[in-house]
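The same chain A turns up in both complexes below, where it pairs with chain B and then with chain C.
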Partner chain A sequence: MKPKLAVWKFASCDGCQLSLLDCEDELLMVAEALEIAHFPEASRAVVAGPYDISLVEGSITTPHDLERIEAIRAQSTWVISIGACATAGGIQALRNFQAVEDFMRMVYARPEYIQTLSQSTAISEHIKVDFELRGCPINKNQLLELINALLNRRKPHLPSESVCHECKLRGTVCVMVSQGIPCLGPVTHAGCGAICPAYQRGCYGCFGPSDSPHPAALSQAFKSLGVSEAELVRLYRGFNSNAPAFREESLQHE
Partner chain B sequence: MQTEVVLLQRLHLDLLLSQLQAAGYQTVGPVVRDQAIVYDRIQSTADLPMGIGDIQGKGSYRLRSRDDAALFGYVVGPQAWKKYLYPPRQLLMRAEQNSRGLQITAPDQEVPKYAMIGVRGCELKAIQIQDRVFLEGPYSDDFYRERREQIFILAVNCTEPGNTCFCVSMEAGPAAGPGYDLAITEMLETAEPCYLARAGSAKGAELLKHCNPSHAPATLLEKENALWTAAAAQMGRSLNPEQASAALKSGYESTHWKDVGERCLSCSNCTLVCPTCFCSGVQEVTDLAGTSSERWREWDSCFSLNFTLTAGRPIRQSPGARYRQWISHKLAFWQDQFDQSGCVGCGRCITWCPVGIDLTSEIEALNALQTKT
Partner chain C sequence: MSEKKRRIISVDYLARVEGEGALYIQMNGSTLEEVQLKIFEPPRFFEAFLRGRDYREAPDITSRICGICPIAYQMGAVQAMEAILGLEVPEPLRSLRRLIYCGEWIESHVLHIYMLHAPDFLGFPDAVALAKVAPEAVKRGLRLKKIGNTLMTLLGGREIHPINLQVGGFYRLPEKTELLALKPELEWAREAAIETLRWVAGFEFPAFEREYEYVALKHPSEYAIHEGRLVSNLGLDIPISEYERHFEEEHVARSTALHSIHTGHGAYFVGPMARYNLNFEQLSPSVKALAEEVGIAEHCHNPFKSILVRSLETLYALEEALRLIELYQKPDTAFVSGPLKAGKGHGCTEAPRGICYHRYEIDANGLILNAKIVPPTSQNQKTIEADLRHLLPLYLDKADPELQHLCEQAIRNYDPCISCSTHFLKLEVARA
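Let's look at the complex of A and B:
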């Protein structure tokens, strides 16, 4: 019997799960190797659980999310959170630095109808997660590698070192050294293939902190490039603002 | 072998390039790309960075325009020639499970034949250091060997070292040592530079003959010598290899490593730009069905946490421990392992470290701490 795959959505933009549909050439092979049992974005046909692989997109932001994620864990062998929302809380975790009631009052005419949590948090803060696939959005080749590794019972090759590593392997000239552009690459998890520096921009940190990030040292270097404290806060408060290493560093400059 | 010095003009260099191309070489050399001088394919001297120089410092690199027509008036940039001999990613083998069982095949790849134009003394020495690593001893690397055996090296003697250079300390320059096919010195006497050339191999001598060059006048040779002496005196940095090695061997427990660990990002840029660093990782890439697989080798670095994964845990957990490993291997243990230093003083690790960590200052600081206690 083919292993059953389910795709779940929490607070997110759907971009990560669309990466699976984006696999185009490989999608048929994936569909041959796996039974796509629950994937509302792709098909209305739903096969009941339990599931072998659950891909979870999005962050936990409501009391209802808390119940749903428990249920998903209970019926899945492997739970894999995909993307910056699911692994760090996403861009919506910017609320964690302010009072959420203030936002509600500003946005909604009747805030009393809104049920929300004060924080947007990663899936792994609530249940046991077997693997976290980083990125905003995730890289489809990495998703395929992960599915491939699971099916073949081997370790996935998903490097957790810095983006600098990918930058150098690709032969890109460092934008920080050659142009003085602040770049989050040295503290950011590899996975995108170092896209931004290849287009003469600093890394935005979409894949969150690397396996041994050291943002305090990087901030010092940014400061000598003329980056202000306010800009430092903004640099670390992107899609992964609630990832511990970035959160702590941004708080240092508030 | 001819050791005679001849005089070439720029048109001769173009002639050399077209002869190399006719002989089946891919000519690769310095070009300006993305605000730096990198190595890439070149067709003629028109592709070279004419009138472009650079200013380098700790964690900083900027191109500048020169007020002359120098083609080689720059200091080594972010890339090393190792990318041609030891590419960042290399397919090692394929395996396939079929009706005949498990079939393993060597990758069927054409071995590129490179003519490297503009190899500096430090870079030539770095290639020789990697030769030792990849070719000597009981396990030699065929992928490296195949490429290495075919290369043609046109060296350029250095006359204007940069602020992060210390090749003189490492006996790697400024003039290129033996091992090149041809070596040239760019002379900026007149508006159009001319070149003093020496052959270092039969291949090089043969090629030179076709240029029908004239003998170099003695006055130019004297000037060349003066340029080298001046270049040797202009090194931006210096290092005493014996002292460094001793300091590292006795400074294993120094508190200095914690201090470096507070500044170092563990980003691995220093190792990846270093022309002698050779560490790699190997991965199996399977297809979804699990019936075929490719084995790839990829540059790795001792700054990666996973590089020393043993029984599921990395051995060198702190950034300071990883920096200590790198600098100690480079400047001390390489000596025990390969009878030479692992550093040629090219300065790349200093320039391309985003936070400007400088191994020569780290050795000084370590030394100072040790003499104090």
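Let's look at the complex of A and C:
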């Protein structure tokens, strides 16, 4: 029997699960190796659990989410959170810094119809997660590598250094040193392939903090480039604002 | 009436739509008591947390509303900011924006045609199952989708949430040689899009036509994608800045979505069929000739045939891409800039699913005071419900599973994007 793959969605933009459909060259091979048992965005067919691999996209934001995520854990061998929403709460975690009731009134005329939690949180805050793929969105090659590794019962090759390292591999001249552009690359987890600096802009941290980041030192360097305290707060409060290292650094400058 | 006659069709989790939603239908004999499209996508509060952010952050933040059409969000945001600052984006930057948007149309339309919609017509649960009997078709679809993503990746840095668009232009400009390298694959894709059209034209379409108010952008000299005035077949003709004077949003109970209506008119229809019916004349001669061949020249009022229109638009986008690549000459600067000032600005572009409206107000420091974003799916939602209300009485003799499938198909005609509309769907059919 083929191992069963399930894809689950919580609060998200669907971009990370779309990464799987964006594997145009590999999708049919993946479907050969795995049974796509639950993937509502791509299929009407639903095969009952248990599942070997559960990919979880999105953050926990409603009371019902809490029940769903427990049920997913209970019927999955491996749970993999995919993307900044699932690994750190995502852009919607910006609510964690404000009163959610105010947010609701700003967007909805009838806030009483809406059920939501005051915090947007990562999957790992609620259940045991076996692997995390960072990024907003994830890198599809990393997704393929992880699935491949699990199917072959080997350790996945997933980088854990910073985006700086990837710039060097790519041969990109440092945008901060050469052009004075504030760049979160030194404290951001590798995985994207250092796209932004190669496009003449600073990294905005969509892969979240690297393994042992030093954001305080980076903030000092930013200040000497003329970055204000308010701008520092915004820099760390992007797509991974609730990841501990970014969260704490942003609070330092509030 | 007796309990025997009560039928409830209830689909808890609509498949092959982008995001989460449900459908609930309740019938009593031949009377349709209730049709409800329910959205249970959790709210993410974009308009709220945009307040206090720097105007330059709006494109990257709003992009995260939807991973399937990020360019629509980025483009709406940058245009609104450019309107505030009085920036005119010159050629060839303007054409380069149209080119990356063509990439998004191709990627999104082909995803819908091959992976979400075609399996409905052919009776398969998904494209992977379809690939077992029609491997060549599915492989063609995947390769075609990929060229859309390749355009996005070259011009945007990556296919999902590209990073290269900024207020005033781009961060990095492509070399002409990089664009020319895509030509052979685009030329293959142009033929593949024609094969796609002929393939889908062979599907069986339920006979279903209604009168709609179509709303789309119209541009004087091109098939509108990223610029134009808002027009409709019922006489609307306004600049985008007047959108909120003519359209309003209702917050629907049991839903995190906001439904839009054309004030004084009601439900309206946005997306490929709206553009096609309003702007057919501006399509290329080859697209028009093929439209004639498949029997929908000039007009198409059957939403089940939207798959034909998406195929024609895919072809158009590929032709445009080839044309724009030929014309491109790399300029000296990647963007234009100007002094910061306070003000209010609007952006509106044709996302693959229809018009996506943005309005921002910023202060003299460039911080966002308020924001409003109206995605395409929330505009189509009332029209989708109305379609179901018209469709169901015609098929009451069908058994529940077939009826449910037909309803799901009627919903997928709109390629609804639920992530967007919560800013969408579970199906329940209750027959009583």
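Convention: the second predicted complex is superposed on the first by the 254 of 254 C-alpha atoms of A that agree within 3 Å, B and C clash if a C-alpha of one lies under 4 Å from a C-alpha of the other, contacts with A are read in each partner's own complex, and residues count from 1 in each chain.
Here, contacts are C-beta pairs under 8 Å (C-beta built on N, C-alpha and C of every residue); 3 or more make two chains touch, one makes a residue touch a chain.
Being a predicted model, the structure only gives us computed values, none of them experimental.
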item	value
Which of chain B and chain C A:Cys192 touches, first, second, both or neither	second
Partner with the higher number of touched chain A residues, chain C or chain B	C
Partner chain(s) touched by A:Gln200 [first = chain B, second = chain C, both, neither]	both
Touching partner for A:Lys128 - first (chain B), second (chain C), both, neither	neither
Touching partner for A:Ser43 - first (chain B), second (chain C), both, neither	second
Partner chain in contact with A:His157 - chain B first, chain C second, else both or neither	first
Chain B versus chain C as contact partner of A:Asp22, first or second or both or neither	second
First, second, both or neither for A:Val173, with chain B first and chain C second	first
Which of chain B and chain C A:Ala221 touches, first, second, both or neither	first
Interface residues of chain A shared between complexes with chain B and chain C	200
Interface residues, chain C side, partner chain A - complex	13-20, 41-49, 51, 53-54, 57, 60-61, 64-68, 70, 111, 115-116, 119, 125-129, 131, 135, 138-139, 142-143, 145-146, 149, 157-161, 163-164, 166, 171-172, 249-256, 258, 334, 408, 417, 419, 423
Complex contacts: residues of chain A adjacent to chain C	9-16, 18-19, 21-22, 24-25, 27-28, 31, 36, 39-46, 61-62, 65, 90-92, 94-95, 98, 100, 102-104, 106-110, 113-114, 116, 136-137, 192, 195-196, 198-201, 204, 206, 231, 234, 238-239
Chain A-facing residues of chain B, complex	33-36, 38, 59-63, 77-79, 83, 88-89, 262-269, 272-273, 283-290, 298-299, 301, 303-306, 319, 351-356
Complex interface listing, chain A residues touching chain B	26, 29-30, 32-33, 144, 147-149, 151-152, 154, 157, 159-162, 164-165, 168-180, 183, 185-187, 200, 211-212, 214, 216-218, 220-221
